[in-house]
Amino acid sequence: MRYIETFKDGDRVSDIFLVKNKTLAMTKTGKEYENLILQDKTGALEGKIWDLTSGGIGEYDVLDYIDVHGLVTSFNGTLQLKIERLRKVSEGEYDPSDYLPVSRYDIGEMYSEFLGYMNRIENVFIKKLLESFFVEDEEIIKKFKSISAAKSIHHGFVGGLLEHSLGVTRLAGIFADTYEILNKDLLVATAMLHDIGKIKEFSPFPENDYTDDGNLLGHIVIGSEMVGEKIKNINNFPEKLSSQIKHCILSHHGELAYGSPKKPALVEAVALSMADNLDAKMETIKELFDSKENAQEWMGYNRLFESNMKRTTI
Amino acid sequence: MRYIETFKDGDRVSDIFLVKNKTLAMTKTGKEYENLILQDKTGALEGKIWDLTSGGIGEYDVLDYIDVHGLVTSFNGTLQLKIERLRKVSEGEYDPSDYLPVSRYDIGEMYSEFLGYMNRIENVFIKKLLESFFVEDEEIIKKFKSISAAKSIHHGFVGGLLEHSLGVTRLAGIFADTYEILNKDLLVATAMLHDIGKIKEFSPFPENDYTDDGNLLGHIVIGSEMVGEKIKNINNFPEKLSSQIKHCILSHHGELAYGSPKKPALVEAVALSMADNLDAKMETIKELFDSKENAQEWMGYNRLFESNMKRTTI
Amino acid sequence: MRYIETFKDGDRVSDIFLVKNKTLAMTKTGKEYENLILQDKTGALEGKIWDLTSGGIGEYDVLDYIDVHGLVTSFNGTLQLKIERLRKVSEGEYDPSDYLPVSRYDIGEMYSEFLGYMNRIENVFIKKLLESFFVEDEEIIKKFKSISAAKSIHHGFVGGLLEHSLGVTRLAGIFADTYEILNKDLLVATAMLHDIGKIKEFSPFPENDYTDDGNLLGHIVIGSEMVGEKIKNINNFPEKLSSQIKHCILSHHGELAYGSPKKPALVEAVALSMADNLDAKMETIKELFDSKENAQEWMGYNRLFESNMKRTTI
Amino acid sequence: MRYIETFKDGDRVSDIFLVKNKTLAMTKTGKEYENLILQDKTGALEGKIWDLTSGGIGEYDVLDYIDVHGLVTSFNGTLQLKIERLRKVSEGEYDPSDYLPVSRYDIGEMYSEFLGYMNRIENVFIKKLLESFFVEDEEIIKKFKSISAAKSIHHGFVGGLLEHSLGVTRLAGIFADTYEILNKDLLVATAMLHDIGKIKEFSPFPENDYTDDGNLLGHIVIGSEMVGEKIKNINNFPEKLSSQIKHCILSHHGELAYGSPKKPALVEAVALSMADNLDAKMETIKELFDSKENAQEWMGYNRLFESNMKRTTI
Amino acid sequence: MRYIETFKDGDRVSDIFLVKNKTLAMTKTGKEYENLILQDKTGALEGKIWDLTSGGIGEYDVLDYIDVHGLVTSFNGTLQLKIERLRKVSEGEYDPSDYLPVSRYDIGEMYSEFLGYMNRIENVFIKKLLESFFVEDEEIIKKFKSISAAKSIHHGFVGGLLEHSLGVTRLAGIFADTYEILNKDLLVATAMLHDIGKIKEFSPFPENDYTDDGNLLGHIVIGSEMVGEKIKNINNFPEKLSSQIKHCILSHHGELAYGSPKKPALVEAVALSMADNLDAKMETIKELFDSKENAQEWMGYNRLFESNMKRTTI
Amino acid sequence: MRYIETFKDGDRVSDIFLVKNKTLAMTKTGKEYENLILQDKTGALEGKIWDLTSGGIGEYDVLDYIDVHGLVTSFNGTLQLKIERLRKVSEGEYDPSDYLPVSRYDIGEMYSEFLGYMNRIENVFIKKLLESFFVEDEEIIKKFKSISAAKSIHHGFVGGLLEHSLGVTRLAGIFADTYEILNKDLLVATAMLHDIGKIKEFSPFPENDYTDDGNLLGHIVIGSEMVGEKIKNINNFPEKLSSQIKHCILSHHGELAYGSPKKPALVEAVALSMADNLDAKMETIKELFDSKENAQEWMGYNRLFESNMKRTTI
């Protein structure tokens, strides 16, 4: 397919795009027309349907994929697409990864590595808990593999939650190997589960926006509750262990002001919050380095880091 | 009974007290003896058992009630009790309210008024939810009526949680009558439930201390989870309503920095956090006024109010 | 009259509007013309007077009401009014409430209810003080009934100060009935007076902007001083009472950082600051609900509440 | 006289002291006695009157000066005075400066220099205002010359307010000579008046404690109100000038969080807050240097300066 | 020369300007042209070179001075210059002060006064240190006289660093004369040196932007290190004196949060930070008064002063 | 030797101790005696020399090691040592590790591992810089191996700086292996050097207190300057590299408020600050776990972690 970022004035287009938005509008002369936002992974483009009787109009909706035929024109210096004909397509006709930002790593491979950490857990209760999420619950597995870790900031792409959870889990493993006061089972398990609430905080792609529960409860509390529910189905799960696992999830933002209702009170909770922070910061800077606007050595003031960030030059 | 605050040097004592603490100690000459802290609602007194072979020794434990016989003596200006004989007593032999701080209001009457608010709820789901707590669950009802609302600050007495919950509920009712944008059912119900997690955050009197879950999870998250569990047993409970109720509980401290994982996002959540704050502040000042150290007009600098507090004089 | 929000391109207009602004401008060809902003309660519209010799030009000023005749035209997608003729009108010819935002409640009724609170005060000195403001001082009464409680935020309309003062007074009455430690006379009286300084902080409508004293002294200090002056004319007004009334006014923002030079040191001052806060927050959310941009369930991030605010849906 | 700091165990004392405190106490055997705190400028000493029938007992009160006869004894490592006889003395019999901390500068000379600044003011209204305080109002003059500028921190001695006001005024004069954008009359006048409210915020020595108004209103608001009252008695005092003077007083703490209800909005208000800050800091460090506990080069962590403070060594 | 602020549509221009920026652009028809920003001290103007074969094109660079010939035209209400011919000029052909903001004071006179302070220093080591900067190091002297004290805020002009350093030094002298606890030599010397690191923090005019070291190390640390290097070349320079001088430089921002790695621990360091603050604030307000947008009495909300700033009117 | 923690009333002592403090005192009867604090690694003990003519008195000083003979007695419940005879001993007679807290790891082994990281550096300039510290400078090596990383908090023992530097270096290596955007040479090298300034911030054991430079400049600035000096001796050391290394050291506390004059602007600086933080937190908790007062599961409120810290129990 030809991507949006390659379009020029005068091009004829005949390709499938994702409909990000759709509104009915009216010209000054009182004629109705339809306004669309089409999207692929390289960008977005406004589309206009002037003739509302043309083929396929009215049979698609926002977040559908449509096959459009039309002409690229320039208006006030911005390109738009004059759509002549369109058709809603079915799931097999397109490859979603052409339309959405995706992890640069293979999701299957990441998940294998992720499960490897689970398999090395020695505590049987902790292992059972992890399996109830990552082996037995197909719905959770599917969402966990595809959902984003964020609406915008870091890991905001398909597979982002898995990639970030794996990153934090790797650090957890390393930290536990480095500092003997850390209980590896507890730290690794809570690293794997720390953001599990995000599968209910965000709607799936292509929407990728906060759900009601995301806004009202937040992934921290949702995740703690999900863990509590799974534990109820495991016989004789030790109560103290349950509290300590939930505590690590609840406190993983490290500070009350960052939305954790409790400060870390266990050494594993302290370590987890730092692993989460490190993985998030590294990915944030990576995305900063990758973004086209920041091609120069000094990338300008960054609000998160409160500094004019610079590429290292050695 | 004669209360501890009336004891004088030389008094003979023969009464029942609560054992708050108990340790084995040794004199400089190497002789073992037992050190107790006895308590009633007027104060605490150190007790010494010099003769560990005397009657009843070793058959009681911390937080038991014991009938002691002994002599009050003064040592370094402080009174202590030389215990000669003691006996662990059974539950019917004493009145707990002699040994613990209690609400000045009748618990039965408060609970009736509290249920009255529940009965005026119109939304059937909300009403069922409240009934599942306050009518059907005997264990919760018992704890809810007796537990403290705090370890020390405000409402730190038997019945304190009920008294405070009733206070906030009264305000909720008034606020909803005053501001038409407030949904009365939602506001009153979440006022009734806002601190329900405290029945698991604190151990019952006489211990009245943070439980493990209290320290690791906190009453805000515990309460939200308790509500979630009750809702699961109510058929067709609307999901949106569930999220909004939990949100009000989660956000009732008003600020992330005060331990709420979410800021209030609903007008009822805003109102609830203010009702909670007002009732807590009024009771805190009342307890300040009542405390013996603050008999004067100017009561000295108070850290919570960041001010030298003054009794109003008109 | 026809309101501005109903105007369309090509309409002929012949109605009275408020002149919000007026400047002399020059075309590229060097010809002078006049630029006006016309306003009614539904919006604002730019007006152009191309022919400065036409009738009525030059005889009116900013904040006058004028009767204009002209044609609505569209320029760059925005409507404007080509004014052909105008006439400055006199006070009886228009109804100010067509031109300014006004309280939705009747000002007379609100004031009656307000005076009712005053009449139930038992302390004679406090009552005399209130009467000196709200019964005897015609100028204060007139301003108090009409002025806004804010430039923009909450209660920013004609009668806003009265509506807000009444709201806080109602809460004060309720709080005093609920918590026996509160002195009702003191709390109700300072609720009535707490924002009295605003009649000097803001200029009257239609200007409704900060005065010099508003900017340099603020309504908190102005109000305290106004109370001090009235008290001087009341024989034997108790000095301690005077200080306590002023203190409640000075501390009613609750925090130094919010412009109160003293934190509340009296229980009534604590309660007053919370009543003020509650009434302000409820009205702010109400205005948020009413504004057209926020028609949806989720109303977007709100800086004051630091949250994406949501309409309750039950 | 012999000062308290020179007393030794066994000394016989026969001198005049200030009574700082006085309470009736009882021995364990039930005998009443009187407990005094005697004070001179070098320290304080506990006194005991065992024989309440001895001469002069009962005829004096707290803050009186008494001539005592007695014996210095050591109890638990602390000296105390066994008082055998005492007599309340009259105002001429002692020199208050022996009993209270006083400015090291001559109060008359300081006041002369202070008035010199007033006399060089050119604006007639400002000059009249200053004269109404510092020339015409005997009561204000007397208090202004003697009162402390603080309860403890800096300038906490007789003449302290005058010394600090003069210090700030000197800086104001210098700043105005250095920066031409500053209006010298306004800056110097508000420097002279900035802390005038302290004569009502603190009670006179020897008590030197916060008054009710001090606690409830604070010297900033009191001072602004005092200026407002004086201005009312000056014909045609320009309103704008009045607001600007009051503003400088109200904003002289520089930050809302430091109790100023307004941040400085005039360049003179900015300069005044910095002059006040500088004079206060310099005197605070001077008192730190002078205090006996800080004889060493490194004086230990100081909370105000958030640093381990060091004497300069060159 | 004719300054940019006097240009009108249709003017023919033939003058020398500084090239602030230069980019190659393309018309919609695919034709390349060059876009320049020309600057003099009165403003900036966009220039267009449509014919890239015209004389002088390509032989100049950003921050060069060029002699341009062209026509002023108006496009979308903004003036621009259609450049027909240009020539890069040499250093003697223009007066840099026509193109850059400069101190309103004579640099030579300021420097003389500055050296006067140095000459009155009594401590020989301190004097030698100052001479090593301000007498012996030609490169430092040249930069110190010309560089700006800031990129934008206060003293952002040629000679700004000298003007500000002199201002702070004057205050230092005055403070030391006023408060006897201050060591004048130390205070005056560190006032002279406090911002010396800025000659490496900013690139020279016309660029006047942060250098790499400016961004990575900051003038505070750079300055301390520069002082350390000079001291190494002075025989027997007392180590304690060296530490104290560096400390004053390091702590002169007064607060950790403002980038000082240490809070002031010496009385001279406290005084220096206040002198720096005062001189910066006075100049900031002066520039506010001078700016054309702020011609009115109330100058609008200013973020630095957190207030709507007002011109004093007496 | 017998350690202080094993002493009992009545023991005769004849062993070598470190003299931590020494003062001359006087009995109530006017007789002079000497007061010592003796220390070994298990605790401290007060010593009294009543007979100042006894052997060895006067020939030793604070921080000397002395061989004392005397009797342990109990006074007011505290043990003290009545010293009869003492002798200052020479360096070979005792093992310092008996008297001071030391790292539980072998210093030689730690240093070998540390140098291993250096040897794997590829950039020749960075490697030369590290060698100039850790291979060529004997004085630095000696101090670096023995000095503490803190006065009290974490790593406050002999070898503490090396142990912490190694811990951070290990993390740096791991982080660089995990995140490809990190430059391993820069990150590892600045991890090795980040706290190098501490060898001048603290005096050597047994004193282990802040030096003048430690208080006035701090280890962050001292370290940056030390690096700058070493770099000057390396031919052609790239200026940009120098700035980036210094920046990492300067910003390693992560926040201005923690004493870093710059926030991290390089990805390696971000990672370094997090490695430093993690190693410090892990060691702090380890020391908390090890301390005797914290033997219980819940260890009480900890100010650094703002939480009641709990031992993990699985």
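Here the chain labels run A, B, C, D, E and F in written order, and each chain numbers its own residues starting at 1.
As a working rule, a contact is a pair of C-beta atoms (placed from the backbone, for glycine too) under 8 Å apart; a residue touches a chain by one contact, two chains touch by 3 or more.
This is a predicted model, so every value here is computed, not measured.
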- Item | Path length in the contact graph (chain A to chain E, fewest steps) | 1
- Query: Which neighbours do chain B and chain F have in common?
  - Reply: A, D
- Query: Does the chain C and chain D pair touch with the same residues on each side or with different residues, judged by whether over half of the numbers are shared?
  - Reply: same
- Message: Based only on mean CA positions, could you tell me how far chain C sits from chain E in angstrom?
- Response: 46
- Message: Show the residues in chain D shared as contacts by 2 or more other chains, in ascending order.
- Response: 212, 215-216, 240, 244, 262, 265-266, 308, 310
- For this entry, which pairs of chains touch? A-B, A-C, A-E, A-F, B-C, B-D, B-F, C-D, C-E, D-E, D-F, E-F
- Message: Could you list, by residue number, the parts of chain E that touch chain D in their complex?
- Response: 123, 167, 170-171, 174-175, 178-179, 181-183, 185-186, 240-241, 244, 262-268, 270-271, 274, 277-278, 281-282, 285-286, 289, 305-310, 312-314
- Message: With touch defined as at the start, can you tell me which chain F residues reach chain D in the complex?
- Response: 28, 210, 212, 215-216
- Note on the structure: chain C residues touching chain D in their complex are 212-213, 215-218, 220-221, 224-225, 228, 240, 243-244, 246-247, 250, 256-262, 265-266
- Query: Taking the complex as given, what residues does chain A use to touch chain E?
  - Reply: 74, 298, 308, 310
